[in-house]
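By written order: A, B, C and D. Residues from 1 in each chain.
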Amino acid sequence: MSTLSSDQIAKAIDVTCDTVIANEKYFSDLDGLAGDGDFGTSLATGFKVIKKELPEIDKSAVGAMLLKISMICSKHVGGSSGPIWGTGFMRAGMASKGLEEVTYEQLTEMLGSAIEGIVARGGAKRGDKTLLDALWPIHEKMQEMDGSDLGAVLAAVAAEADKAIDETRSAVAHRGRASQVGERSANTPDPGIVGVATILKDWCAHYGVDFVPQAAELKR
Amino acid sequence: MSTLSSDQIAKAIDVTCDTVIANEKYFSDLDGLAGDGDFGTSLATGFKVIKKELPEIDKSAVGAMLLKISMICSKHVGGSSGPIWGTGFMRAGMASKGLEEVTYEQLTEMLGSAIEGIVARGGAKRGDKTLLDALWPIHEKMQEMDGSDLGAVLAAVAAEADKAIDETRSAVAHRGRASQVGERSANTPDPGIVGVATILKDWCAHYGVDFVPQAAELKR
Amino acid sequence: MKKFVNDPENFVPEFMAGVIAANPDLLEAMPEFQLIKRKNVDASKVAIVQGSGSGHEPAHVMAVGPGMLTAACQGPVFAAPPVDACYETIKSVATDAGVLVLVNNYQGDRMAWDMACEMAEAEGIKLKQFIINDDVAVQDSLYTVGRRGVAGNFFVMKACGAAAEAGADLDALYAVADKVNSNVRTMGLALTSCIPPAKGDPIFDIGDDEMEVGVGIHGEPGRERTKIKPADEITELLFEAVANDLPYNSGDRVALMINGLGGTPPAELYVLYNKAAQLCADRGLTIARNYVGEYCTAIEMAGCSLTLLKLDDELEKLLAAPAETACRIF
Amino acid sequence: MKKFVNDPENFVPEFMAGVIAANPDLLEAMPEFQLIKRKNVDASKVAIVQGSGSGHEPAHVMAVGPGMLTAACQGPVFAAPPVDACYETIKSVATDAGVLVLVNNYQGDRMAWDMACEMAEAEGIKLKQFIINDDVAVQDSLYTVGRRGVAGNFFVMKACGAAAEAGADLDALYAVADKVNSNVRTMGLALTSCIPPAKGDPIFDIGDDEMEVGVGIHGEPGRERTKIKPADEITELLFEAVANDLPYNSGDRVALMINGLGGTPPAELYVLYNKAAQLCADRGLTIARNYVGEYCTAIEMAGCSLTLLKLDDELEKLLAAPAETACRIF
């Protein structure tokens, strides 16, 4: 069974930094449709620091590295995204404490822990139109698959996130700044979900995994 | 020799009211080019009151009627135009005190008095790019002519005012709000001169006097 | 982007440095946390803190001063401050008397302050959190994050600030905050959008003849988008929404605030006040105190909000007490 | 036109009614002359009056109050008040101690006040007229009307207001006005135009990437039109123009004002203040008092002006004296 080293995870995070930084304005514009237009900037502010500090961060243990990244989120990411992503990285880090590399099962559990933490922090439910509506199906898909072909897993979860964009598009947001505009949030994509899907799309490109996006927001 | 009755003068003032009111926005726009954009509104505010009160104003004496109009200017016209037009009407009124009708010579003197008063009030000199640069040549033209054909006089003074627009266009304003922008007032028409010329053009139309304007501002 | 700004990333640190430079005797900063606090804090009194996105000045850091906030931190424009900054804000002014944490009801702020309060309490700091939610434009329901906290926040800060100076303890201060929040209602309206410096263009599009009724202070869409109306009709529609919500009844003494959202000049706010004062009189409300100006802005948005606070003797006295902040006239 | 306005012709009377409604104990109006005056004027003291176009609020009618103006009248937006209104303003507060008439140097204002002063003096009213002209953007020469009076006006009103309260006589007050005016310099800058309500559209056109350096408070073109620059460069260019004019020299104590022209939000003004304070320090100027906010606006123009006033002990004391106007924070 395939395992992921701390360095491999660090590399994936580094690719994520590039995605978030490159999409700063786009993600903020999406957030401006029904929210307050800060999503892209908030996230990019933190991931610029992560990008810069990542080479220096101790990578001998996966958990410690993720906790360090969580702290950067607490320190540098404003808006709801700070507590949400900070909590996610913190819980994933706690779930992988002391490990030098993680198995596919451990990776799946780390995501499960992150999701639990985010739910506890922000109280979102299925269909509330948050990035959890992408993370839940991703987690379920990972539980279904055996992880023997990580490329296949990546293609499958990228497709789940992609699907989540369109499946939640017509919904009304019930969390975050966008929830305070009522019906007006319907028929706009959720920026958090688009963010997760864009990261996965870019991972596919980076790892040479075939993936044909469906949602308009990924086809730009 | 032709004389003008108080009623005839009142009628000319009434036509002037229509001109000023109809050009409120245009005159302000002209003033906005190098000045502060209030000329049209300031003048129109006063002439709306004049238009309304004119039927009630005692017309038994020319002088008293003009003094009444001067008072309306003092009360209702803001900006430099209040003192300028108010002083002009006041001095014209003083020069025609007690007269029931005025001769052509008296009319010419009334304009001369108005000009003197405006000069004393605002200190403008020839070429300072103010409405005096229209009034001076008009006054001189009136002194040259004998007034036997008032239509011919009207056509001649309208042409003087028309000419003054283009003759002062390239000058730099030395008085009023527009003077405080230095070179920037060059190559804009002076709104006060355009105002005088427009009034005379409309008088020509009202009295059936042929007049073919040259300046762009009168050809709209 | 028509703004006075250098590198947009430095916008918040730079304006905060300006606030400190203009108030060297009154305030001091911890720039690494975008935090401003009073100098010479009286350790025997409850400290009052707040922190939220930037772009609402004079809220929140400019509201620090005697009789107002003890400390405040700022996030980036329109985004809640990072958790760390909230935590440090509490820690920087924590006294034995405790800390009152005033949070405007936005999920980002709430989550950041929740985490910060947990961290501070774990270290033994005594505190209470109070959530402000005065915006009637937003439906309050179990299925949303609830009503937003907007200009009514000023009255909570002012009343609690005065009570804290007078020596009230933490529970008493919480009760003051609760009394103000229960009696204050606001609704806003935008004529134009606004441009967060880092974004560089308007946060929403709005037609030349349109207005956004019930807009949030971050440009969030409101109750409805309509054709622009005369000032008196706008005042009426804001007043009705606000006055019917609590409701405010004949005989009530109130504070009335006309708040400018940043791009609306003083004269227009007084046109609105003029009508609002008439509407209060028509309804039998006595305006005991009034506030016309910029209290909680949305950067340079042209727009306004109308706030009513029902007063009792206690609140009236607290509002009248002296206070001082970064913003001065003389 | 994105403004809170009913019938544009009633804009000025309506905002003035709002000012009165918000300050019933402090102020009263004579609406037929668009005139606001203090209640309970002390007849033994010199009265201070002013009057100019509207659109510069809080100047001029909102600057009436104890320690500031005794009365002021407003013209239409951006136009001098009618002669009658100026005359009535003098008359309404004339005391045996006399009246100090403060006129900003615009030809319209000057002619109206000249006529009004002649009328008042003919009736035996004792008065002195003082002309304020602090704008360094305008060339001062025999061939123009001279420098405009802009935000520096605040300091003349404040210092004279304090001196009048302290019982100074008319000659002494004139000397105070002269001292302030001789030591104060201002320059403004616009990022956007503004819309007089009666005109309905912008008073000038300006590109999305342009700024107008040395703009007048009525949108008069300034020294030059350039590409927009970072905030620090803007501050530098205003500071250099102002500071070199008097000039202000190392060791001077100064008051520094960053004035918003109406559409610029508080945070941006503090970005400018931050840099201006550094520039003062670099030049060896000590900022004894500072002012950041809206003191003299051009309706809703986005822009600013920078003012320096060289202080001596007398002026510093006069600026520090208490005062009260229509605009309040608390």
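Here, a residue touches a chain if its C-beta (ideal position, glycine included) is under 8 Å from a C-beta of that chain, and two chains touch if they have at least 3 such contacts.
Just so it is clear, the structure is predicted and the values come from calculations on it, not from any experiment.
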Inset, instruction - Chains touching subunit A and subunit D alike, please list them. - result: C
Inset, instruction - With centres defined as the mean of C-alpha atoms, identify the chain lying farthest from subunit C. - result: B
Inset, instruction - Would you indicate which pair of chains has the most C-beta pairs in contact? - result: C-D
Legend entry - Inter-centroid spacing, subunit D versus subunit C (mean Cα positions, whole Å): 29
Inset, instruction - Compute the distance, rounded to whole Å, between the mean C-alpha positions of subunit B and subunit D. - result: 32
Inset, instruction - Could you please state the distance in Å, as a whole number, between where the Cα atoms of subunit A are centred and where those of subunit B are centred? - result: 74
Inset, instruction - Using the contact definition from the top, classify how the chains connect: line, ring, star, complete or other. - result: line
Legend entry - Chains grouped in pairs wherever the two touch, ordered by label: A-C, B-D, C-D
Inset, instruction - Would you tell me which residues of subunit A are touching subunit C in their complex? - result: 25, 28-29, 32, 34-38, 41-42, 45, 71, 73-84, 86-87, 121-122, 174-182, 184
Legend entry - Residue ranges of subunit D in contact with subunit B within the complex: 9, 53, 75-85, 106-108, 111-112, 114-115, 138-139, 143-145, 147-148, 196, 198-200, 203-204, 216, 218-222
Inset, instruction - State the interface residues of subunit C toward subunit D in the complex, per the touch definition above. - result: 2-7, 11-12, 14-19, 21-22, 54-55, 57-58, 62, 158, 191-192, 208, 228, 230-232, 234, 262-274, 277, 290-294, 297, 299-300, 302, 304, 319, 322-323, 325, 327-330
